[in-house]
Amino acid sequence: MNTKVPEEKRELLKDVQSEQDSRNIPLKHVGITDLRWPLVLRDRQKGEQHTVAKVSLAVDLPKDLRGTHMSRFVQCLQKLDIVNLSALEEVLDDLKESLLADRAFMKLEFPYFIQKTAPVTGLTSVMDLNCIYTMEKGEQFTQKVEVQVPIQTLCPCSKEISTYGAHNQRAIACLEIEANEFVWIEELAEMADAGASAPVYSLLKRPDEKYVTEEAYDNPRFVEDAVREIALRLEADLRITWYRATVKSFESIHNHSAFACVEKGWK
Amino acid sequence: MNTKVPEEKRELLKDVQSEQDSRNIPLKHVGITDLRWPLVLRDRQKGEQHTVAKVSLAVDLPKDLRGTHMSRFVQCLQKLDIVNLSALEEVLDDLKESLLADRAFMKLEFPYFIQKTAPVTGLTSVMDLNCIYTMEKGEQFTQKVEVQVPIQTLCPCSKEISTYGAHNQRAIACLEIEANEFVWIEELAEMADAGASAPVYSLLKRPDEKYVTEEAYDNPRFVEDAVREIALRLEADLRITWYRATVKSFESIHNHSAFACVEKGWK
Amino acid sequence: MNTKVPEEKRELLKDVQSEQDSRNIPLKHVGITDLRWPLVLRDRQKGEQHTVAKVSLAVDLPKDLRGTHMSRFVQCLQKLDIVNLSALEEVLDDLKESLLADRAFMKLEFPYFIQKTAPVTGLTSVMDLNCIYTMEKGEQFTQKVEVQVPIQTLCPCSKEISTYGAHNQRAIACLEIEANEFVWIEELAEMADAGASAPVYSLLKRPDEKYVTEEAYDNPRFVEDAVREIALRLEADLRITWYRATVKSFESIHNHSAFACVEKGWK
Amino acid sequence: MNTKVPEEKRELLKDVQSEQDSRNIPLKHVGITDLRWPLVLRDRQKGEQHTVAKVSLAVDLPKDLRGTHMSRFVQCLQKLDIVNLSALEEVLDDLKESLLADRAFMKLEFPYFIQKTAPVTGLTSVMDLNCIYTMEKGEQFTQKVEVQVPIQTLCPCSKEISTYGAHNQRAIACLEIEANEFVWIEELAEMADAGASAPVYSLLKRPDEKYVTEEAYDNPRFVEDAVREIALRLEADLRITWYRATVKSFESIHNHSAFACVEKGWK
């Protein structure tokens, strides 16, 4: 296994990627994807949180260059220590420099755990959300944050027309935003909960279960209602310059889902 | 593209797979997997149903042979016309013969559509189930059928302790059986529905929605209840010689699932 | 089970969805998703092909209406017989009319099987592609077709620097197009193959395997090369008004993928 | 939100789960599944490693009890600090005690990162494996470890019959073991690499790429070869009392996979 060869003794190997390309086609993105990578994130409650991300990294490629150097993407990512906006922008700057590119692009998808407190017993537990960060650096650094929050929705129609009961189900509220200031994942999760018939928890005891059952019955929400309630909150937050909110409910009476989507500036 | 070469003109290519192997290790399975393939199945209502399956095919390999001939699996599968038990057994016999094996193995995973009739309006629609057929032929032909049926469960605890409402959700009832006689997928789907708080449909109008909402509230079922109700029906069916039933509910108050499992002859 | 109630005897149930909404937020999309549905498609070779699709259907919703009527999506879809462009446009027209909407939207994702002929033996077999049709009808009918074609790529750098051999792997060429005339899935699959080091087949005998091994070694292609070759062919096709092509290779020397993307009109 | 109610003021809520059940059916498993949870594991190189697991927890249920208490599963899991065998056994003991069960069961699925050193440049990087721990405690504590290691396989037939080149691809070597002593994930990963045509890395520079390309060409391996090489090493390890090894290769010339499986004591 000890095959390491000192650098000066290695033969010169042709750099095929740096060949000229005559096909005259610039590439929007070239890079690596589906790379799993451990990350440490900032966490509002505990300061730090470890997770595992699926990572995509890319740059653009001018029309006269044949290829990019794929190993450098991994080397730039290796320098990332704790994830925060400036550290992520540095990765993009580093990519642009290492790969002689005009633009660099990064996408991180990871589960993130938030603390939830049961409404009656006050017991706490963590619950997982999916998050997706998408970033680009050309002249400017732009970024989009997507958070997918599990919530409960209870059908207003079912409640209204039925003598008793009402169908309800788990739903996913997906909030995508662009912002001119930092927004915590936890803040977006709270907006999602505000659109729900009731929030979702990892740990509930009987008094909590009674509470959330009645809370959901008291707050019937179509996906249309849920997404509008969330949009009201996104619209009211002055840090948020663009948003799209989607609620998708795994209907308990069907084997398919219902969904509704609002997008700022649409139409 | 017209590169076809007459057989007599092709050079002789060594059959590496047929080399002797001295490592002295027989293989339980060797074959192909993750092959998507169009199938035509028998259907209780319409006679025939088209679907798309994910297929695995394998044989055993004696300790002194280096490898099997992978292309023959596809050629054996190509001869399959309409899926029924005897046609599937023929594929296995063909595999044993073509590959000089003692045992052949096949797994088919596919969506299957059943007709559902809305309880009040009588409107009909199709709904998808996942099915998995697993078959083996050594001396004898054995087969297992697995059907995954979406159902609704309503929590008896939530109903009992709450002043109004009760959390409910979509669940998957998974029925695995071995039988000494043919059992329709549709029959297993009916047993799953009998274990549910209410069945699940693709098409429900308002009067139907009222009906299934009240039906679910009238029949609260834990996953434990649902799986036992299904087990009672599987146990009572004399064609069924072995079964395992699992119900998994996508809890509407949690971001995780609850499940319960019964297995004939367990313990 | 025989609970069907004649229409005149059913009680009047309130239409909650039709309530006025004062939140002043129009919805871009409201509908159903993750519905599996059997489809019959046109097929260049055999005339017809059966498959199973994952379907999304949606309409927009004006700001003053609380909700849409979800069951009507399924009823509109039920009228679809054989899939072709005019039949799909009819579904969208029907959705707009049934749901009193300005715009209707549909997405169909399904495996599609094409015939492949082995290069030397001439043996034929089917191979699966993933297809995604996305359609919208506002004033105008617009549609996008996406086809994901498995191909082989062989690394030019690895070939150049190594004394023998070259790493190669399966890759997915994803072609998304808008067109002003009908384009067969099979035509897009051929463009993908033209970008490959070698095409991929379900059935290859030894002489075919020799052929494709040497073909790939003779045509080394980075993902950057593959995507540019495909773009040249998309650009040259006068029916195609917009395209995006992405090639992603499941690197055999890494546990992650490499990808490259070209988009018409980008920059 | 501040709805916490002191314990003495909460109303008494019926314990429906503790009702008698007259259906006379014992349950093999009842519990929770699909729960995502952050874990800290022991790591051979750095001492500790953070990851995110998908967790299933279950107990058996006697025939005369209606249900189990689902929230206690989460509470038992919350006590788990650093994952090691004795800590995991404690969770199972705790589950048995809290839920008055004869047997407790746990399954943890998580990505695990190992250090890999590039063969020529000596550059290091982490690479992800999938791991699955399955444990049961009745009278005795039993456990199974599964590790899924990405490797490269190069086809001996393709090499033999082709004038130049040979198709190769990423494959997954899946090693499942039972052992009477602790075995590191890293040790199983090394056995998987020994069965490969060449190992897989996250970071390779040109001299490394030349090395692994030639290494793979020098070590052609069918899935049958790879799995037998791995089995030889598992068999030789005296700590390992049972094993099953499966190698599945994502064929670069097909859109399906080839696989082979060895199981100790089979037949």
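Note that the chains take the letters A, B, C and D in the order they are written out, and that residue 1 is the start of every chain.
The rule is simple: contacts are C-beta pairs under 8 Å (C-beta built on N, C-alpha and C of every residue); 3 or more make two chains touch, one makes a residue touch a chain.
Note that this is a predicted model, so its numbers are computed, not measured.
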item: Chain pair, C-D or B-C, that carries the greater number of C-beta contacts; value: C-D
item: Of all other chains, the one whose Cα centre sits farthest from chain C; value: D
item: Separation of chain B from chain D, taking each centre as the mean of its C-alpha atoms, in whole Å; value: 24
item: Rounded Å distance between chain C and chain D, as computed from the means of their C-alpha atoms; value: 34
item: Whole-Å separation of chain centres (CA-atom averages), chain B against chain C; value: 26
item: Contacts with 2+ other chains: residues of chain D; value: 13, 35-36, 128, 157, 161, 202, 204, 206, 210, 255-256
item: Touching residues (chain side chain A, partner chain C) in the complex; value: 13-14, 16-17, 21, 23, 25-36, 56, 58, 61, 66-68, 70, 156-157, 160-161, 222-225, 227-229, 231-232, 246, 248, 255-263, 266-267
item: Residue numbers on chain D that touch chain C, as the complex places them; value: 127-128, 150, 152, 154-155, 157-158, 161-170, 198, 200-202, 204, 206, 209-210, 212-214, 216-217, 250-256
item: Touching residues (chain side chain A, partner chain D) in the complex; value: 1, 3-5, 7, 10-11, 13, 15, 35-38, 49-52, 71, 74-75, 78, 111, 113, 119-122, 125-126, 128, 202-207, 210-211
